[in-house]
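What follows is a set of notes on a single structure, which appears directly below.
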Amino acid sequence: MSATLDQIQTGVQFLSADEAVKKIPKAASIMVGGFGFPGMPRHLSRALVEQTDIDELTLIMNSLGSVSTLNALFEQNRIKKVIGSFFSTNKDLVKAYREGKVEIELLPQGTLTEAIRLGGAGIPAFFTPTAAGTDLAKGKETRVINGREHVLEHSLTADVAIIRAHKADKAGNLVYRKTAQNFNPAMATAAKLTIVEVDEIVEIGELNPDEIMTPFIFVDIVVKREEV
Amino acid sequence: MSATLDQIQTGVQFLSADEAVKKIPKAASIMVGGFGFPGMPRHLSRALVEQTDIDELTLIMNSLGSVSTLNALFEQNRIKKVIGSFFSTNKDLVKAYREGKVEIELLPQGTLTEAIRLGGAGIPAFFTPTAAGTDLAKGKETRVINGREHVLEHSLTADVAIIRAHKADKAGNLVYRKTAQNFNPAMATAAKLTIVEVDEIVEIGELNPDEIMTPFIFVDIVVKREEV
Amino acid sequence: MSGSVKHYIAWRCAQELQSGVVNLGIGIPTLVADYLPKGLVTLHSENGILGVGPEPDPNEFVVDPESIELVNASGVQPITALPHASYFDSSLSFTIMRGGHLDATVIGALQVSETGDLASWAVPGKDVLGVGGAMDLVIGAKRVIAAMSHLSPKGEPKILPECTYPLTAKNRVDTIVTEYAVFKFREGRMYLVEMVDEISLEQLKEMTPASYEVAEDLKVVKRESIGDPVLV
Amino acid sequence: MSGSVKHYIAWRCAQELQSGVVNLGIGIPTLVADYLPKGLVTLHSENGILGVGPEPDPNEFVVDPESIELVNASGVQPITALPHASYFDSSLSFTIMRGGHLDATVIGALQVSETGDLASWAVPGKDVLGVGGAMDLVIGAKRVIAAMSHLSPKGEPKILPECTYPLTAKNRVDTIVTEYAVFKFREGRMYLVEMVDEISLEQLKEMTPASYEVAEDLKVVKRESIGDPVLV
């Protein structure tokens, strides 16, 4: 197993954004990384908006800002449901919701991130104190543990994750920067097909193995961002 | 809040190993980092062995090798219970167990690490497929989720964690190397008092903020290792 | 509420915070940063940073949505990082919050009840399409400081026997800071610990339907005019 | 079991693994590494590395328990890392395992049942003081390949209608590789897919109390003498 650089093949594919989003099945559940601007896969989002035959989508993402590139999906009537923590300020989404075109499932942000992380880790349900005694726990199983009320939450997995990282190496290992990490590393673990857009692709061996945040095993397709 | 370097105080203490272990209360539960040799806090372990008035201890650690510096604790009859995943090869521990001097709680290694991580994250219980249908699930609540049997496991927290990192900065931020990470980052989050031994202490600003693996908020005391 | 009243509330909250790690919510809590002792309190932001510094000079910093990598929990507002800062993903960020590691959070409030229930995220009868990280913050922080105007914009009381708005969390508020008073919860009971000298105990009671006790060591203070702090 | 038989089993397991990420258990599975196609299969080790390389030259490498930072899942055996390697903590390592991300694991077995139950960690009547990561490996890997001698050292069958030893996991074995045969589980049924030409179907049946079907495409092979591979 003393493989040399030129012998290493991990199976991670390097495609254009258009080629990558073509792999997304109809009626897919899609996790979308990002917290506001940083870490949002805007390049893949634009390609998804243009690939108009993929519809009946479920989006799993923290929030959808009013200037998100994905807002066009609501105008195009391609979204069935969104699961996340904050959508109040998105006029397109609020309109679609009021017209009964989109279902919204609201989770506290910490429950959302842990549901994704545990979904990727093969743990399907967990008890959290967050939201106990509030409207967001309505209809959910509760249990008193250590003298405190907890809510049973179910973990999340998805057909596809579209995420953003700073660099990938040619094996598919990823590094992120600053507050652009956010939901991306967890989402990479929780989807059947993980597509990542990166600023830069480097040779194998150029990333410090201690600093790789998402090992290639979680990555299926890498797309290099193009200048907008 | 534009604090400059000389104004920053995080409250993390920098002590000797002897001073640090004196903070451990009697009858404490203690998480001990390491997976085999790498990441094992051998310097703090030696100090703990010498601090003989701390007894009735519960140790939470993956395994205890036959050459562990902590084995002296069994000879000293200071351990009440160990929780972990692999103790078969430790003659001192097996002997103490057979003589009824030590209680052992065995968990699958993945359940152990997740119980510690979720303990630190404020999530007290979770359903895992691991061990379902085996002797290690006996007496535990089970539930079929997504058509598969799962075991309800309770998360772990401790009074103290003694862990090892490669470097700390003077704020208390930590970085680890190679396979010496293992249980250390999770244990840092799950204890009331986290004591870490490091090879090197550097100035604030010398660690790349993207590479800090344990932020100082999880650290209470830093001890610089001395040459053995 | 005037800017100077908001700044007074923020300043008063900051007096509660002399060390440790704190997460500041949006609204009045954001202003607290300006009054914290330099270097002694470190700010956490749930989008993945411990060690939030001041905003960069807007004249020198142009936000490019395609490339910006360092913002606060609004997702869009650029910030800087202090020398001891670290970055992490959302899972670790909420481990800090839910796991009980924050020394305090300062959070805006719509209502607080006499048992320390907090309502801060929704109004009855309106679509509820956003909660963010508020519930995790309040469930986990060692101290929850509610920073709020004493009355609603319509003049209605906000410190009540029971919240009528949807709850953020039950029994989690530790301190209430308004422009008129400071209340603290001790062993499940609410105490008035400080009030400004411009109103009487009776006037305060009238604005505060919650039942509370007056602390033995009640402080009556002059509300200072804070104004915008000078950023250094 | 002779060294050459062990190596044959390891070599035969390696034929099942032509790409992807694999975790090799201790015992015979460790030997599999030597027969994998170079660069096409990446090895994971649960102590926190993806991209395990060969052991360092023991003549050049002295293990110092105080400072060693790179070992395999034994906790003490030094290894090297390949150019595409990454390191991570135990939580992420078991996310890889439990979360279904490993393409396969090769694991030693004490017993396997005709329904794919695996017993690999404990013997009845003895103290059970160690389980390690085996249960997580077997519950999560997409394929579980049991690498084992066909009979126990006492000559007892190990492929049984039901396991009599404590289980590691139920219904998780995908392939059994012994020195005499290869069995595969397809839709809950066990099939004999390959056997060596030195024994008859009847002899195999006698050593294999589990009920199984003979695959239509059963391959009868010559057991090659593998010997120690030459490390490059």
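Observations
As written, the chain order gives the labels A, B, C and D, with residue 1 at the start of each chain.
In this section, a residue touches a chain if its C-beta (ideal position, glycine included) is under 8 Å from a C-beta of that chain, and two chains touch if they have at least 3 such contacts.
In this text, all values refer to a predicted model and were calculated from it rather than measured experimentally.
The chains that touch subunit A as well as subunit B are C, D.
Rounded to whole angstrom, the centroid-to-centroid distance between subunit A and subunit C, based on C-alpha atoms, equals 30 Å.
The geometric centre of subunit B is 34 Å away from that of subunit C, both derived from CA atoms.
In subunit A, 114, 117, 121-123, 128-129, 176-178, 209-210 are the positions where the chain touches two or more neighbouring chains simultaneously. For subunit D, residues touching at least two other chains, in rising order: 81, 87-88, 91, 94, 98, 139-140.
Per the contact rule defined earlier, chains pair up in contact as A-B, A-C, A-D, B-C, B-D.
Residues 35-38, 40, 42, 62-63, 65, 67, 85-89, 93-94, 97-98, 104, 106-111, 113-114, 117, 128-136, 166, 176-186, 213, 228 of subunit B touch subunit D in their complex. On the subunit D side of its complex with subunit B, the touching residues are 45-49, 63, 65-66, 68-71, 73-76, 81, 87-91, 93-94, 97-98, 122, 127-136, 139-140, 166-170. Interface residues of subunit D, counted against subunit A in their complex, comprise 19-21, 33-34, 36, 38-44, 50-54, 80-88, 91-92, 94-96, 98-102, 139-140, 231-232. On subunit B, the positions that touch subunit A within their shared complex are 114, 118, 121-129, 143, 145-146, 150, 154, 175-178, 209-211.
On the subunit B side of its complex with subunit C, the touching residues are 1-11, 117, 120-123, 169, 171, 173, 189, 204-205, 207, 209-210, 212, 215-218.
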